[in-house]
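Here the structure is laid out as structure tokens; the discussion comes afterwards.
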Amino acid sequence: MNFRTDLAIERQEYTEKETLDGVLSKTDTIDGVRVTTIEIINGQGEKLLGKPRGRYITLETDKLYKSSEVFSATSEVLCNELRKMLPENGTILVAGLGNEDITPDALGPKSMNLILATRHISSEFADSLGLGELRGVAGIVPGVLGKTGIETVEIIGGIVKKIEPSCVIVVDALASRSTARLGTTVQICDTGVAPGSGVGNRRKGISSETLGVPVIAIGVPTVVDALTMAADVFEKAGVDLPDMDFSEHRQMMVTPKEIDSLIDKAARLIAMGINTALQKNLTAEEIAEIVG
Amino acid sequence: MNFRTDLAIERQEYTEKETLDGVLSKTDTIDGVRVTTIEIINGQGEKLLGKPRGRYITLETDKLYKSSEVFSATSEVLCNELRKMLPENGTILVAGLGNEDITPDALGPKSMNLILATRHISSEFADSLGLGELRGVAGIVPGVLGKTGIETVEIIGGIVKKIEPSCVIVVDALASRSTARLGTTVQICDTGVAPGSGVGNRRKGISSETLGVPVIAIGVPTVVDALTMAADVFEKAGVDLPDMDFSEHRQMMVTPKEIDSLIDKAARLIAMGINTALQKNLTAEEIAEIVG
Amino acid sequence: MNFRTDLAIERQEYTEKETLDGVLSKTDTIDGVRVTTIEIINGQGEKLLGKPRGRYITLETDKLYKSSEVFSATSEVLCNELRKMLPENGTILVAGLGNEDITPDALGPKSMNLILATRHISSEFADSLGLGELRGVAGIVPGVLGKTGIETVEIIGGIVKKIEPSCVIVVDALASRSTARLGTTVQICDTGVAPGSGVGNRRKGISSETLGVPVIAIGVPTVVDALTMAADVFEKAGVDLPDMDFSEHRQMMVTPKEIDSLIDKAARLIAMGINTALQKNLTAEEIAEIVG
Amino acid sequence: MNFRTDLAIERQEYTEKETLDGVLSKTDTIDGVRVTTIEIINGQGEKLLGKPRGRYITLETDKLYKSSEVFSATSEVLCNELRKMLPENGTILVAGLGNEDITPDALGPKSMNLILATRHISSEFADSLGLGELRGVAGIVPGVLGKTGIETVEIIGGIVKKIEPSCVIVVDALASRSTARLGTTVQICDTGVAPGSGVGNRRKGISSETLGVPVIAIGVPTVVDALTMAADVFEKAGVDLPDMDFSEHRQMMVTPKEIDSLIDKAARLIAMGINTALQKNLTAEEIAEIVG
């Protein structure tokens, strides 16, 4: 494969097959949002899609930043899909991966900044504010290896040991094959983050194997590798990729011109989906007012 | 031409000719910086390069953000080239074009923020600070049409009428054909900014015709159009660009992963070049201390 | 007077008189917002309040950033008061004064970034988007003298000459006497901005005299001078301010700890008030969706 | 005591005594930097100064952001004082405390962003870059309780368990009594961070007791509590603080007008001091080039 993608749905599309051994797949449309569930159930499926077994749910919409209707419908579908995956009880740790100083990689940190952290709020205080019973939520922005000298999984792992959440949700910017997916697709999966994935190519995986608790990963594609884009155009043209030096292209990324507002909108969408999934006693409006 | 570029040197290269009617060209290397001067002297040259007659100076270096030696050498060459173009006397207005909220388009505003504005400093006050005689410098960040509702040239024109500078310097982020030029090339020209140029496709030109005073433009390529990159790869491969729908690609831009630090470095380089060119009594270190 | 304030209402309160010669005053409460209109009608009133004759409307609310009800009610009152002052026809120029790099002085630039600029949108294009007839609105962030070398009034004046608006609205952060007013008060006046006012002490006035068109100023107090705060405490304590060196305090400002979110909320409030006052065919929700 | 301060030197000054039981103190001037070492050696000293036993070193200079000479001299003194405190071997973890979104509280995060993280760089790779032997350095920005739901000490503690540093350096913005100290004073101590200290009033202490490894704290005063400032003026005036409601003042902070550039300069100073103290094979210039 000449292209890079973090999306299970793009790997499935690439096979150009209706059915795959070891892969279950179905698509619904809910409130205008196309919801595709891909389930990899055995080693054969893992090999075919190059991803660990588990559930990968893809939401496809119009551009997230185009209208409030699309935004609301997508965040509600995200909330419902998340609720199906989350454990009934226990504290949830939300980790916003990525580099705040690189616009398309800032999705994780920006999302985490909009998460309603509640773990430190006593139930008495919550009651006194009229918030009722709150689910315990903690959050962390672990930074990136180049700036911290510590693998992201080590930082999250250290905190998991301390606060013992029942589940970790990681939010990360993704790379996709197709520019049409930038800002129009959300992927939720229960397998965590694979090594080498994300805009910054996280070096180590973040999963239930490495953390010891279930890990749900939520991501939005924000970049296409420049080499992937070129390869994609060649493939669509039915022409072989020429044998030339692409080393310069490997340092480049393709983003929409409105990447800054795309990141803001996607972060708000993800945070809203997580916040409403976690706090069943609060409405989206009540949460929006608290997180500002 | 299937590609978009704001660089005269790339248009010249595209012709693949040693000499062009109406175009004078020479290249020197100064302190490791490759300096190419292209002079378009008549309508024939204008037609061949698709640019108005005037001088286009291109500085080519290693990545601006790699070492302080490259940085110092380039800013000194920039200073010297600028001094050759600037009028001897009179106030200079520096305009930082572009959209602060789009990282690769923020070069102009970031550069202008590092310009030493002096027009409002009385010579008595400058003397009392031990700064000696200062050349009058003013600066403006005019914003972009989509946010102001006013063409950039109108805003600058209004200020030119008020403060009557002897010359305007505009700083703008550029589009180039080749990804290898991003953050390694500086273009200085005495023809101003052409309509349709820049990352944001400025709608109207900014030139001595529209402003009534000489206009020097300084730019650094910060993006390649996604379609241009694809066309470039096809051309290098000797394959015709396929007849397919590229409308999605037209909304995309290609930038280096380190675009944020590239913009910071390039802005410091340009500001340093301008500041030292304008204030002959101050050293680069003295200016750096004042602008912070 | 030992304290500094940009609010007419604080100067009136300071006199501790029910009625003042040359000053008309009344207070209403609309949707929980206290609306005080002070009208200075002659030179006697100007002298007593130290402000030019004209209308000063003060909105007093709970903290702007506390609840969406307070926010909506205040922005609606602001919209209505603005409509009474605005000319029926013609383009409106909105100028966001202040220094973006100093948090409490960034109110103007942040507000202007949320203004719906429409002057460049043809009525055909607006129609095609289903926006109906739009009032022409332009915006500018003129920057501050120390960075531009140009007085704010010169920059706005140059643009006024070019685009000939029927009215200018300037938005500026204000200094108040009382810390209780920070983020709870909005002042609207038809006299523009006085010399020496604002967080950054604008050097020259911005008014119909200097611009040649009506000038409406909207501001929110975001700082108290440190010396003013000390003087205020002494006065409340009934003790004379001691005769000591306050030069260090003059460089200091008092702000709420949540100043960053206060500025964001106040900017949104002002932009919403202006946008809805100007675009009578659009609802607040429709405008919010466009400006993002 | 009617005022709040995180500085040992201000508590000592407050006693107005030359010598204190259980407190050793001396002052030197090095390259224009006043260096005061206060050592609290027993419980009596702890009680008198309200701080745990240990060493508190205070550097006093002209404004950090005024000249490059002051900057260089102060960072060199800081480097030397740090070297005396640091363990000879082992990885160092640098934690940048505080809230990035509140300007005067962002000192820690901004400093940490300029730390040269090396723990993940293999000695082979460092060699290949000509960097020689690097000391292992890791960094973390733990965020604030209100946003993470996790006490800062828990986050750092979790990472300490994972990476087992020989020492933790925490960087934090401090509150001082006197406005004259803002941006002119640096405190280094070997006792960590006390509960209730910092701009944001960290709820729990961060020390060798809570982390199990030595903790060095470096801070710069960036705010004065509004109530402290008022009390300070009253005290200097020899007047008793009146018995009035100060609840509004408790939410307010006093900062210099140039707080944004103060924070930037102080962060660069602290990062430079730490980086040069840790990497003995690299010069300040070499480090500056790497961290950008």
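Quick notes on this structure:
Labels for the chains are A, B, C and D, by order of writing; each one numbers its residues from 1.
The definition used in the following text is that contacts are C-beta pairs under 8 Å (C-beta built on N, C-alpha and C of every residue); 3 or more make two chains touch, one makes a residue touch a chain.
Bear in mind that the values here come from a model prediction, so they are computed numbers and not experimental data.
Between chain A and chain D, the least number of touch steps comes to 1. Of all chains, A has its CA centroid at the greatest distance from the CA centroid of chain C. Both copies, chain A and chain C, contribute mostly matching positions to the interface they share, with over half of the numbers common to the two.
Chain A and chain B have Cα centroids lying 38 Å from one another.
Multi-chain contact residues of chain B, defined as those touching 2 or more other chains: 101, 261.
If the chains shown are joined wherever they touch, the resulting network links each chain directly to all the rest. Here chain A touches chain D in the complex through residues 101, 113, 117-121, 136-143, 145-151, 154-155, 157-163, going by the rule given at the top. Of all residues in chain D, only 65, 67-68, 261, 264-265, 285, 289, 292 touch chain B in the complex they form. Residues 101-103, 179-180, 182, 199, 224, 226, 229-230, 233-234, 236-239, 241-242, 244, 248-249, 251-261 of chain C are the ones touching chain D in the complex.
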